[in-house]
Amino acid sequence: MPTAGQKKLLEELKNSLTQAVPEGQVEDSDYTRTGCHLEVRLDQGGMRRVAKVMLDKRFYLETITAVDFIDHFELVYLYSTYYQDVFRVITRIRIAKDATPFSVSAIYPGAIWLEREVYDFFGIRFQEHPDLKRIINPDDADYFPLLKNFGKTKFTEEIDDILC
Amino acid sequence: MKTSNGFILYIQEILTGAKSLAVGLWITLKRLFSPIVTVQYPRKKLTMTPNFRGHIEAIRFDDTKTHHCVACGLCARICPSHVIKVQGEKTKAGDKKIGRHYVIDFSKCSHCGLCVDVCPEQTLKFSREYELVYYSRWDTVIDLMQRLEERP
Amino acid sequence: MLNIKTIDDATVNQRVYQLNLGPQHPSTHGVMHLLVTLDGEVVIKIEPIIGYSHRGHEKMAENRIYEQFLPNPARMDYLSGMIFNHGYCMAVEKLCGIEVPRRAEYIRVITSELNRIASHFIGAMDYAMGLGAITPFLWGWDDREQILDLLEGIAGSRLTYSYGRFGGVRNDIDQAFYNGTRRFIDRLRGRFWDYENLINQNIIFIKRSKGVGVISKEDALTYGVTGPSLRGSGVKYDVRKNEPYSAYPEFNFEIPTREAGDCLARYQVRMAEIEQSLNIIEQALDHLPPGPVRSKVPRFVTPPEGECYLTFESARGAVGFYIVSDGSRIPYRIKVRAPSFSNLFAMTKICPGHFLADVIAIFGSIDVTVPEIDR
Amino acid sequence: MNITQLPYIKDIFAFMGSDLMAAVIGLLIIAVFVPLNVAFLVLVERKVAGHIQLRPGPMEVGPHGILQTLIDAVKLLGKEMVTPGMTDKVLFFLAPILVVVPAFVGWVPISFSPIMQIREMNVGVLLIFSFSSISILSILMAGWSSNNKYSLIGAVRAVAQNVAYEIPLLLSTMSVIIMTNTFRMSEIVNAQSSVWHILYQPVAAIIFIIATTAECNRAPFDLVEAESELVSGFHTEYTGMRFSLFFLAEYTNMVIAASMATVLFLGGWFGPFFPGLIWFVIKVYFLIFVVMWVRWTYPRLRFDQLMNFAWKVLIPIALVNLLITAIVLKVI
């Protein structure tokens, strides 16, 4: 059950986010099921405008990650608050496989490593990133481990009869 | 005024610091004469808790005088490290399968206990052995059914 | 903040040198590498190089069923394995809509808090060891050992417990655990005086940690710092309180905070949190409800299509499990938000201008576990 | 036949007198006693550390592990002495040899009992101070020649630290010297036959012990080998017997420092019931125990704090103490 503070924040954020990213969809999300209060869906870019709004509202960037779907990547930015009534915003940005999205590291310096991690695992190159290189995998690795066509997944081979 | 204040603070800091250091020495001196908490391991051994999770072991049931394994393979399938191999056979057509060989390589086992949880016949338990050291990697591959027979 | 001027770029090439702290070094907790650029003993730049203990847990999740991933979360942060295990179970339960019996929730809270105390002991005492005091570290191990014995008594394992299961916990707690925990609480309360006077009041300790490595609130926000490091900066944020999960809303406890944001504040927050955890355990033991510890769950869970994000408070900060399910038994993607990852990166901001010895202090006070960063 | 009547030997004796005999015997005793003493001290240190940390310490070799350090010494003797590439070979070789020189020479003027003293010198106290400075040189050599940044930082720290802490050390010694008007060890002890100097000079005694702890690079002033930041400091690259020579020097320096403190402040061999030597040894070992106890209690200082402590706390207090002593002596 959302508290009064969360409701107020929800309205404010909806307004400012629709202003900042008019092309995106800003929707309520069912907190009890997904763990997020507000969901922003975008196609290509707009992550920096969202990040600016979030920083203005004193949100911190929880994490950046990506999900490799068959025909596109989905970049996921999770923002949350330090407030008493917690509020979490999830931004999903659908990008093409060869897209080079913009880095939010100028707004959130903490994103430098998070974006390096995404690059390291998915090969997504962020534009205007200060130091985009491998972080966890070896520097000379020629693979991106979390892509669905790498290694043993159910897309590359049968795993086990009972499992799927 | 100000300098004298600073001087007083300086002296105060030295005195409080010295006191804190003396208290620290007192605490360690007390511990110097308190009993030792460690155990000299190979000479003395602790008793294992009954819930200890070692590698798995087949249970001998009183009704059949042996295990209840039906070689369904659920444990082999759920094992995250794929270290279990089960082989069973039927004595006659239409009868229940009986596990004959249950081979586990517990050097790769992460002792998570999923196999014990998933077993439909509940014929698995954890052993309480913790001194699992061998000369060869192949010594860690054991057949539980054979162990069960050898066990008194 | 120390009042030391770092030198300008023109003279950098002549005077600075780089020092490799690690990958094998006495005070990098685990295998990690800090590349420190120094001018004399003053740090100009610090670059953590990570990935030495990368095992690919996130990739592993993509080719095994949800149950098979159960042992893995505990191996990400081996010091708070119980909490990670608890969190992963909660995430899957949320995804599948599984109800957990109240007794199981209570047991999970008790074991998680015990694990948190154990982890904080390592964190706080390892910090003291980074400053050169080895004795408190071993005393901390002694107290932690009691917790491990207790947890071993119910979970059967000492570090990577795999105690939680979807829909409850593996087995019920027994009377020995109940009594042992009570005894442990009394014993630990009696020992706080020693820790307080040996470490907190010690002038050398205070001199070494006061004003060292200040994380400002603004830095904490932009770098995504969470956990005791954040609460040491005066932000009252704890997932257990702000976004309550499990049985935490039923307990009465405080979130200790300190305004200073330096190493001393982070250390004090940890020690204060140990006391709060003891309170939680005591309340949970007092009101332990009867009933089953595991609800009826299918042998292999099959979550519906969808995704969920669940945060919980580990000993190092807010951990998040982001699970994407495609309706099969194998998770499509599991992303773990590791608090140490963000906390460690914040270190690159606060270290410049400090001495080499302070780097060790800051690193210890932030209290990272390397396998959690590398996953 | 008396050996002293032989030709040549007779000449030497005529030149040096029975002092030569005393010197030879004394040096032989030192050569035997120093390593054994170090072995014992290492064991004591490990036992003290163990019991403070609620564990028994070494227990395996011999009853309660008393032979542990001897076994360790044998192990260290058998180890290969690795000289890393790119080191300054000569200095790298010389440093561990040079570091034990002051550790041996320092014993010469110390008077253990009224009759046990290798060589009575009228500058005994100064001799020890001047020789102890050599160990700093060898630490610098070791750190510099190792071609390792940790070693170099440790060595540079050692030099700065020792320069800073020698001043309060000498100033606190001066407070005693101007009371006794002599540098002779035995005369300083004899001056304390009724009242120990620690009662007249408690501040100087504390400063002396702190400064000698720092001079010996013991915790909480062990920044030279601060293991949590510098791995092992100046002897990071040393292995085998070379490493153990540094170890030997460290512990022997501790004994010399404790003997100095005993002579200067704790009344040397004076004490009831027991003969002088036993009292001396008891006092020395008590001081060494205190130093060990301190080591396992406190965190380490940071380098700037270490220097601040020397220049802003110890030296002013030592100077004031010296001044007050001088005034009081003048008035009396």
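Think of it as A, B, C and D in the order they're written, each chain with its own count starting at 1.
Everything that follows uses one rule, which is that a residue touches a chain if its C-beta (ideal position, glycine included) is under 8 Å from a C-beta of that chain, and two chains touch if they have at least 3 such contacts.
Quick caveat: nothing in here was measured; it's all calculated off a predicted structure.
*Asks:* Sort the other chains by how far their Cα centres are from that of subunit D and give me the top one.
*Replies:* Ranked by distance of C-alpha centres from subunit D, the top chain is A.
*Asks:* Tell me which has more C-beta contacts between its two chains, B-D or A-C.
*Replies:* A-C
*Asks:* Give, as an integer number of Å, the spacing between the C-alpha centres of subunit D and subunit B.
*Replies:* Those two chain centres are 48 Å apart.
*Asks:* Round to the nearest whole Å and give the separation of the Cα centres of subunit A and subunit B.
*Replies:* 39
*Asks:* Counting only Cα atoms for the centres, state how far subunit A is from subunit D in Å.
*Replies:* Subunit A and subunit D have C-alpha centres separated by 62 Å.
*Asks:* I'd like the Å distance between the centres of subunit A and subunit C, where a centre is the mean of that chain's Cα atoms.
*Replies:* 24
*Asks:* Got the subunit D residues that touch at least 2 other chains?
*Replies:* In subunit D, 52-55, 296-298 touch at least two other chains.
*Asks:* By residue number and range, which residues of subunit A touch two or more other chains?
*Replies:* Within subunit A, residues 162-163 contact more than one other chain.
*Asks:* What residues in subunit B touch two or more of the other chains?
*Replies:* Where subunit B meets two or more other chains at a single residue, that happens at 21, 24, 27-28, 31, 37.
*Asks:* Per the contact definition, I'd like the list of subunit C residues that touch subunit A in the complex.
*Replies:* Its residues touching subunit A are 50-51, 54, 56, 58-59, 62-65, 94, 220-224, 230, 235-237, 239, 242-243, 300, 306-311, 318, 320, 322, 324, 328-330, 332-333, 335, 337, 341-342, 345-346, 349, 374-375.
*Asks:* Touching subunit B in the complex: which residues of subunit C?
*Replies:* For this pair, the touching residues of subunit C are 64-65, 67-72, 75, 135, 139, 142, 145, 149, 152-157, 160, 162, 165, 170-171, 194, 197-198, 201-204, 299-300.
*Asks:* Mind listing the subunit B positions that touch subunit C in their complex?
*Replies:* 13, 16-18, 20-21, 23-24, 27-28, 31, 37, 49, 51-53, 74, 78-80, 110-114, 117-118, 126
*Asks:* If we count contacts the way the header does, which residues on subunit C are in touch with subunit D in the complex?
*Replies:* 17, 19, 21, 25-27, 41, 128-135, 138-139, 142, 198, 202, 204-205, 207-208, 355-360
*Asks:* Which stretch or stretches of subunit A touch subunit C in the complex?
*Replies:* My answer: residues 33-36, 55, 58, 60-63, 65, 67-68, 76, 78, 80, 82-86, 88, 90, 107-110, 112-114, 117, 121, 134-138, 145-146, 148, 150-154, 159, 162-164.
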